[in-house]
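Order as written gives the chain letters A, B, C, D, E, F, G and H; numbering starts at 1 within each chain.
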Amino acid sequence: MNKEKLKNLLESIKNNEIEVDEAMKVIEDLPYKELDFAKIDTHRELRVGYPEVIYGEGKTTEQVVKIIEFMLSKDNNILVTRATKEMYEEVKKICPEANYNELARTITIRKRDDKVTDSYIAIVSAGTSDLPVVEEAAETAMIFGNKVVKITDVGVAGIHRLFDKLNIIREAKVVIVVAGMEGALASVIGGLIDKPLIAVPTSVGYGASFGGISALLCMLNSCASGVSVVNIDNGFGAAYNASIINKL
Amino acid sequence: MNKEKLKNLLESIKNNEIEVDEAMKVIEDLPYKELDFAKIDTHRELRVGYPEVIYGEGKTTEQVVKIIEFMLSKDNNILVTRATKEMYEEVKKICPEANYNELARTITIRKRDDKVTDSYIAIVSAGTSDLPVVEEAAETAMIFGNKVVKITDVGVAGIHRLFDKLNIIREAKVVIVVAGMEGALASVIGGLIDKPLIAVPTSVGYGASFGGISALLCMLNSCASGVSVVNIDNGFGAAYNASIINKL
Amino acid sequence: MNKEKLKNLLESIKNNEIEVDEAMKVIEDLPYKELDFAKIDTHRELRVGYPEVIYGEGKTTEQVVKIIEFMLSKDNNILVTRATKEMYEEVKKICPEANYNELARTITIRKRDDKVTDSYIAIVSAGTSDLPVVEEAAETAMIFGNKVVKITDVGVAGIHRLFDKLNIIREAKVVIVVAGMEGALASVIGGLIDKPLIAVPTSVGYGASFGGISALLCMLNSCASGVSVVNIDNGFGAAYNASIINKL
Amino acid sequence: MNKEKLKNLLESIKNNEIEVDEAMKVIEDLPYKELDFAKIDTHRELRVGYPEVIYGEGKTTEQVVKIIEFMLSKDNNILVTRATKEMYEEVKKICPEANYNELARTITIRKRDDKVTDSYIAIVSAGTSDLPVVEEAAETAMIFGNKVVKITDVGVAGIHRLFDKLNIIREAKVVIVVAGMEGALASVIGGLIDKPLIAVPTSVGYGASFGGISALLCMLNSCASGVSVVNIDNGFGAAYNASIINKL
Amino acid sequence: MNKEKLKNLLESIKNNEIEVDEAMKVIEDLPYKELDFAKIDTHRELRVGYPEVIYGEGKTTEQVVKIIEFMLSKDNNILVTRATKEMYEEVKKICPEANYNELARTITIRKRDDKVTDSYIAIVSAGTSDLPVVEEAAETAMIFGNKVVKITDVGVAGIHRLFDKLNIIREAKVVIVVAGMEGALASVIGGLIDKPLIAVPTSVGYGASFGGISALLCMLNSCASGVSVVNIDNGFGAAYNASIINKL
Amino acid sequence: MNKEKLKNLLESIKNNEIEVDEAMKVIEDLPYKELDFAKIDTHRELRVGYPEVIYGEGKTTEQVVKIIEFMLSKDNNILVTRATKEMYEEVKKICPEANYNELARTITIRKRDDKVTDSYIAIVSAGTSDLPVVEEAAETAMIFGNKVVKITDVGVAGIHRLFDKLNIIREAKVVIVVAGMEGALASVIGGLIDKPLIAVPTSVGYGASFGGISALLCMLNSCASGVSVVNIDNGFGAAYNASIINKL
Amino acid sequence: MNKEKLKNLLESIKNNEIEVDEAMKVIEDLPYKELDFAKIDTHRELRVGYPEVIYGEGKTTEQVVKIIEFMLSKDNNILVTRATKEMYEEVKKICPEANYNELARTITIRKRDDKVTDSYIAIVSAGTSDLPVVEEAAETAMIFGNKVVKITDVGVAGIHRLFDKLNIIREAKVVIVVAGMEGALASVIGGLIDKPLIAVPTSVGYGASFGGISALLCMLNSCASGVSVVNIDNGFGAAYNASIINKL
Amino acid sequence: MNKEKLKNLLESIKNNEIEVDEAMKVIEDLPYKELDFAKIDTHRELRVGYPEVIYGEGKTTEQVVKIIEFMLSKDNNILVTRATKEMYEEVKKICPEANYNELARTITIRKRDDKVTDSYIAIVSAGTSDLPVVEEAAETAMIFGNKVVKITDVGVAGIHRLFDKLNIIREAKVVIVVAGMEGALASVIGGLIDKPLIAVPTSVGYGASFGGISALLCMLNSCASGVSVVNIDNGFGAAYNASIINKL
């Protein structure tokens, strides 16, 4: 829509050739939806039951507490990722029902009991050292209202453990695979299932694992076709993705 | 199932307490499904209409022709990615209805007219140099039976072009974003939609783009939460992922 | 502005409480400028005399010719970067006054004689192998209407050559420094002048120059404070930046 | 000037054809300005009101205090970057009017009230974790006598926040964009404005952000043409650049 | 084995043509060994005398103690690698005969006195800083029942020290070479012996040793043909490999 | 032995206090074995039946022909790796019984029929594009007198193909695993067997496979303990290692 | 010299207290030697017999011929490095006595027979593929008037070959070590000699040699103390360094 | 020399056909010098006055004290690099005349007053943060008996400071340049002098200096020909090299 058309439209209003409500729809269709999608975003969140998410890293305890204080006035569930225990201690003072998952480093506050999905997200991990990322993913998926099944310690070094659990993995609607070191688990599972698979490389390992680069590259180069990848240790991002897919 | 249960089962057969056919079903349920899931895989492919996929790179024209010759005896659609024109010329001799998309470097052969999905995959790209990856993704998604909408040349350098197309992108069931150079398009779209987004970094660029590393890192670090990433220039993998999600 | 205010505004028009022109100004202030800035961009280009720029790499000769064909209908100067000689041969057929700078790999078409700036951009380079990037920068700056002074082959291996030219460099309004290998020239000049300095690392060198990474890192770490950096071999980007500054 | 001319000049002195003072000016113009430009540099700094800048990292508190002690005898404003709180405590003892910006890690001492520029530098940042770099840039720009406008937390994940502030950004004379993670904000703003844009990648992020490499590469590869880049977390360098441009 | 053969087998049982125990052996040979090889693995370990190995890094002291508590009920030797002293203190409380090698960071518990091999593994190292990796390799090899000879501090900077020990190295059945910095020792020994050589790069060094990358690359590129490589600082992995070979 | 002792020894000869033959043994024990081990090396090669090996890359056809011409006078088998077809054409002229394996890029000349080992080396590979490396390894192992079993195209994307072949792999004396892309096959096999496993990463792949780095890192970080690694595409080195082990 | 002293000097001229010629010498000693040292450089070259050096890479044949044409008017020896055969063919037309070393890729023209040094530079290399770099170093050192001794193919895989030549190496005044792959030769020789050692990593190798990075890192991390390093394949630079040292 | 010749020689002694002393010279020429060069090395050190050097990093205080205890029985000067203050406190107890340079992190013990060289080593550095490396180099060079001149804080950001000191640098016999950040100082000085220049990159800097990689690459790619490089922060290695050259 250019200026001329807009002027014509407004003059049509003036001349009573068009109703105000009809004109409004047209103007709302203009690109200023950019202002609007802020609101749409808010609506969407209320609608799909996503809590506000606070990324705790690089924030002070005071900042986190202030943000939560504001959020508590709303009806949303609240999730803080990469939260320190100290943050939790302060949050508990203004919100005693807050929960802290030490392994996941998450604070969660449930203000509504959202309906949980029937279909589930399977979170599969290679070794015990990958558990913090598994837990972050699980806390994220659960507060977003997803049913979650965790299958841990099924790394390829003892692949029979994986096969025992294959049915549970195959029946999930979407699968998150969490693995460090060489990250081969994503490829192996990717070759065995027919579901979206989100791979999370972890920084578990030493030497040439280079803080997760080895697992990241392994997953990006997976010879199994149905694998997509998120950032190293990004359990939250994987769960956010999985939740969107699980609710399709 | 452990040895004891197996022994009991076999003795039940011996004692005519169970029929051989029934026993067979149980034994087939044992973990040697690993042998079996090859067949299951085949079934799955027939069922969901996925064609066999041949990765042409590193194969000789003769090898590709021989594989296709064998496949033509089956009822599947056929897709060859990273195919050279020379491969196509030879394939056409044994299968005149084969199609070649030169930009995508794909050969496709449709032996069945599969039902196309109602929901669609949006493939969004930043610049004209990203088109080969867009086309590979589109050919892949289409031969898998997906409806595809392409929105090209909407890179962030002229972001208003993107906003014009935002509604089409938002109404897709899953979105593929293809971008080289700095790959910022994935983050921008990721912040505007509520659908699964699969980002494909491309090797488009020069200097510090390092053959796609810059775009890859950008996408992995996206501040928008719903972004997952596949390998550089991997249009096929993105479409394979998107197809799984689109058919959920 | 929210919906209510918009409705009130439209009803004011209807009721003749406000003039259409006045209402238009308000509505134009709404964020749909995002659609608008496409136009603004166009206006800006006409106003500041910037030609349309075509990035030739990754485009076919046909695509480039078609884009130029369309552009020739407008009154703008035209610049194609990373253009092959073959592209130029074809462009010349539809536009005989097109020029080709083989070193710069640029095609330029001047349809207007824009006023050239009084202040000038100094383009300083280290060695003869850096000349292609110098030329790309110079062609870009000149077709944007800037006065350009080139000072080449003043690398730090023979630093006295640089000092001979220091006055010319100091009197520029903005300085572009083009250097490969170790890229030290940017730091040396940066420590001697009081003007904005845009450094362009080039891929000149071998071995541990890693295609320009060495020069890039050197420039990013410059101990001289007034140095900013563009991509490896990006003569165009440096000149674009310099032109904006030169016209402030 | 060659030897012959120099000889002629000296003989003119001898022959009283030229005054010593006049001859001195000529000889001072000879390339030994290299000794001289130290003084010129000093003059320039007095003239443009730039304070002496001390890079605190790698210096002991004692060293910093001694340098400041010496500087206090001059009439300049003083800036210490990367200063620890301990440094500040000691500096305050000899200069009670010293200020410390904890977030920016800067010590500033204003000994003169320089005139502030009419035009302003806009410092735009993506997330709250980028604030330390924003603050370092702001403190630097301000003590150099620039008017500064900060626009924070407008990252591309919620791009509408950015559009709300676009007018303020567009009216700046020069724009600094500070962003970590994928650094896409620089490209987006670069595509929307017609002013010099200096991008500062930050080390904010984790995993594949590799301490700022991801943002750095993203910015260097920006598809928006008017973007130049400084070192990771180098708020000081960006502001120094911006100040030079703002005062042109 | 296909379905038909399986059906025939089961019908043979039913018809008493084959004994249940004999049939079981056949069925156990079916691919469900994947479930089974967990057990086979256990058997193999009992047979070759390999202890259970616990990787201590990333595990809490409590986790390690619980795993050992369970293992003590079995008749195996126990090895914990990357164990902290704190872990050892707790382990000692439930198993006073546990040993701690502080340099190797290993806890070992010998519950059986396995026969030690006649042939030996030579562990050769370059400098004193490589000793922790040497010790980890030695502890691993010894608890696996191998005879071990350590030859330390024979780096190439004083190559005559190496030649003095060459006979001892040549008479080993398999050789482990541990070296940091430039890792040249592996190539030098590899050119002098006719035995399998497993090279372990260490993170010893500074600057451009990049935490072991330099030694790793050196060893991977060894011009001596008989060199294979394990991860940086992976003394355990080298010894595990060497033990398999030593017991062939 | 120092000069004094040597002098005493010689004087003992002179004084007939020691026999010449006895003295010789002592002197031969001196470190001039360094001259000697050249001979020892030659003997060793004759003894273990290793052919001379020529690395063809970076050599001219003339150089290769001349080296072979010399070697043909000896009784050894001959192996040229990385040989071009052109080299082979020239070699055939002076040695018609030379063989060329085009895939492996090897020339082999058998002058003796060495006894082949009873135990075998299993060479397992992931995809068809890995075949050149498989063939180089096989040609090397065979001309060294080893029995070889090749198991190709059993990558983890279809892991059941691997399980079908597991028994053959388990019965080998040493296993070579050849894989590109993410290289996960080494970890999976490493977790299933109890034999030395030498992993060869290949440069097969694209994008983030970075010419084999992805597979290399994956293999170095294998969570399976018995895996050691050689250089990218180094089929020769893996076979050389395997041959040493196979002949222990 | 400060302004005051300069003024005094000029006044002394005016007052005839000093002769013009004497004053000139003093003024020439002023820091404008920066202009002057160009001349000094020329003098130095004439004095030490260094030829002009032309780096051929990135220059056109025409450019090289023109530079040589100019140089032929002077009395210097001429060296072109990284010269193509085509360059040589053209140079020969204007200077029939020009020599071309195809392996070294150097053109040399001897216009004077400079005295050759008594002491010599030893150039030691690991394998035959390193010969081009050896030859470039040798041609450079020789045209600079140095005696050169080449010791090739003494890589550490057969270290006895090296020991045979150790005396020749030890008697050199300065040693250049040229090696690719793992570059261990520099460390081994560095531990055996008491002379300056300049190491040249070469791009010889494949896979994880990464175009010379492996050898470069190996040499930089050499545990032998007396090793310094130049760029990958930089035979010229090593010889230039060695020549300066050899002539001390 | 082969066995036969050796036997003949020994029989000649027995038969008094040759004198023992003459025979000894021949036998000493045999390759067992490899055993001997240990002794030669010792002699060389005594002769040139080099102290024993202990690399403190990765050693315990106890280890360092023990090594020094042993060394004190010899007549050599002693140098410990990378020594902690704690090490020094313990060393002082057994050797009160030990000195500690805290900046250099060196312990030195002078047991002999070696003659100091007439020629000197110039150690030039860019910034104050490079001082620890300067000091390590200076302590090393001085205890090796070299005259040392330090010229600090002459980085290229204020290049006139360098020119003031150029004469002192030019008159050195060998020059060490220590610089972090972009390391341009080595190129600048390399272009101005005619002496061997050893460049030491330092880890000074932040962001894209990557712990010294930027300076390292810059120095390796120096366009000035006479520059060779040692490891990052390796002041010791540079001084060791310089000392060898200074004493030629």
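The working rule: contacts are C-beta pairs under 8 Å (C-beta built on N, C-alpha and C of every residue); 3 or more make two chains touch, one makes a residue touch a chain.
Each chain and its UniProt protein: A, B, C, D, E, F, G, H = PurE domain-containing protein.
None of the values given here were measured: they were computed from a predicted structure.
A.B. asks: Count how many hops through touching chains it takes, at the least, to reach subunit D starting from subunit A.
C.D. replies: Each step joins two touching chains, and the minimum needed here is 1.
A.B. asks: From subunit A, which chain is the farthest off, judged by mean CA positions?
C.D. replies: Most remote chain from subunit A, centroid-wise, comes out as G.
A.B. asks: If you list every residue number at the subunit C and subunit H contact, are more than half found on both copies (same) or fewer than half (different)?
C.D. replies: Looking at both copies, the contact residues mostly coincide.
A.B. asks: Quick one: superpose subunit E on subunit H by CA and send over the rotation angle as a multiple of 5°.
C.D. replies: Between subunit E and subunit H, the superposition angle is 90 degrees.
A.B. asks: On a CA-centroid basis, which chain has its centre farthest from subunit B's?
C.D. replies: Most distant chain from subunit B: H.
A.B. asks: Once you find the CA centre of subunit C and the CA centre of subunit D, what distance in Å lies between them?
C.D. replies: Whole-Å distance between the two chain centres: 23.
A.B. asks: Between subunit B and subunit G, what's the gap in Å when you average each chain's C-alpha atoms?
C.D. replies: Those two chain centres are 56 Å apart.
A.B. asks: Can you work out the whole-Å distance between the CA centroids of subunit B and subunit C?
C.D. replies: 39
A.B. asks: Two-or-more-chain contact residues of subunit E, please, as numbers and ranges.
C.D. replies: Only 31, 34-35, 37, 127, 158-160, 163-164, 192, 207-209, 213, 216, 220-221, 225, 231 qualify.
A.B. asks: Taking all chains into account, which pairs touch?
C.D. replies: All touching pairs, sorted by chain label, are A-B, A-C, A-D, A-E, A-F, B-C, B-D, B-E, B-F, C-D, C-G, C-H, D-G, D-H, E-F, E-G, E-H, F-G, F-H, G-H.
A.B. asks: Enumerate the contact residues on subunit B facing subunit C in the complex.
C.D. replies: Going through subunit B, the ones touching subunit C are 128-129, 158-161, 163-164, 204, 206-209.
A.B. asks: Would you tell me which residues of subunit H are touching subunit C in their complex?
C.D. replies: Residue positions touching the partner: 126-127, 155-159, 181-184, 187-188, 190-192, 205, 207-210, 213-215, 217-225.
A.B. asks: With touch defined as at the start, can you tell me which subunit C residues reach subunit A in the complex?
C.D. replies: The contact residues of subunit C facing subunit A are 1, 3, 6-7, 10-11, 13-14, 16, 20, 23-24, 27-28, 30-32, 34-35, 39.
A.B. asks: Flag every residue of subunit D that touches subunit C in the complex, lowest number first.
C.D. replies: 31, 33-34, 37, 44, 48, 53, 160, 163-164, 166, 173, 192, 194-196, 198, 216, 220-221, 225-232, 236-238, 240-241, 244-245, 248
A.B. asks: Mind pulling up the subunit B residues that touch subunit F in the complex?
C.D. replies: Interface residues on the subunit B side: 34-38, 41, 57-59, 63, 201, 203, 211-213, 216, 231-234.
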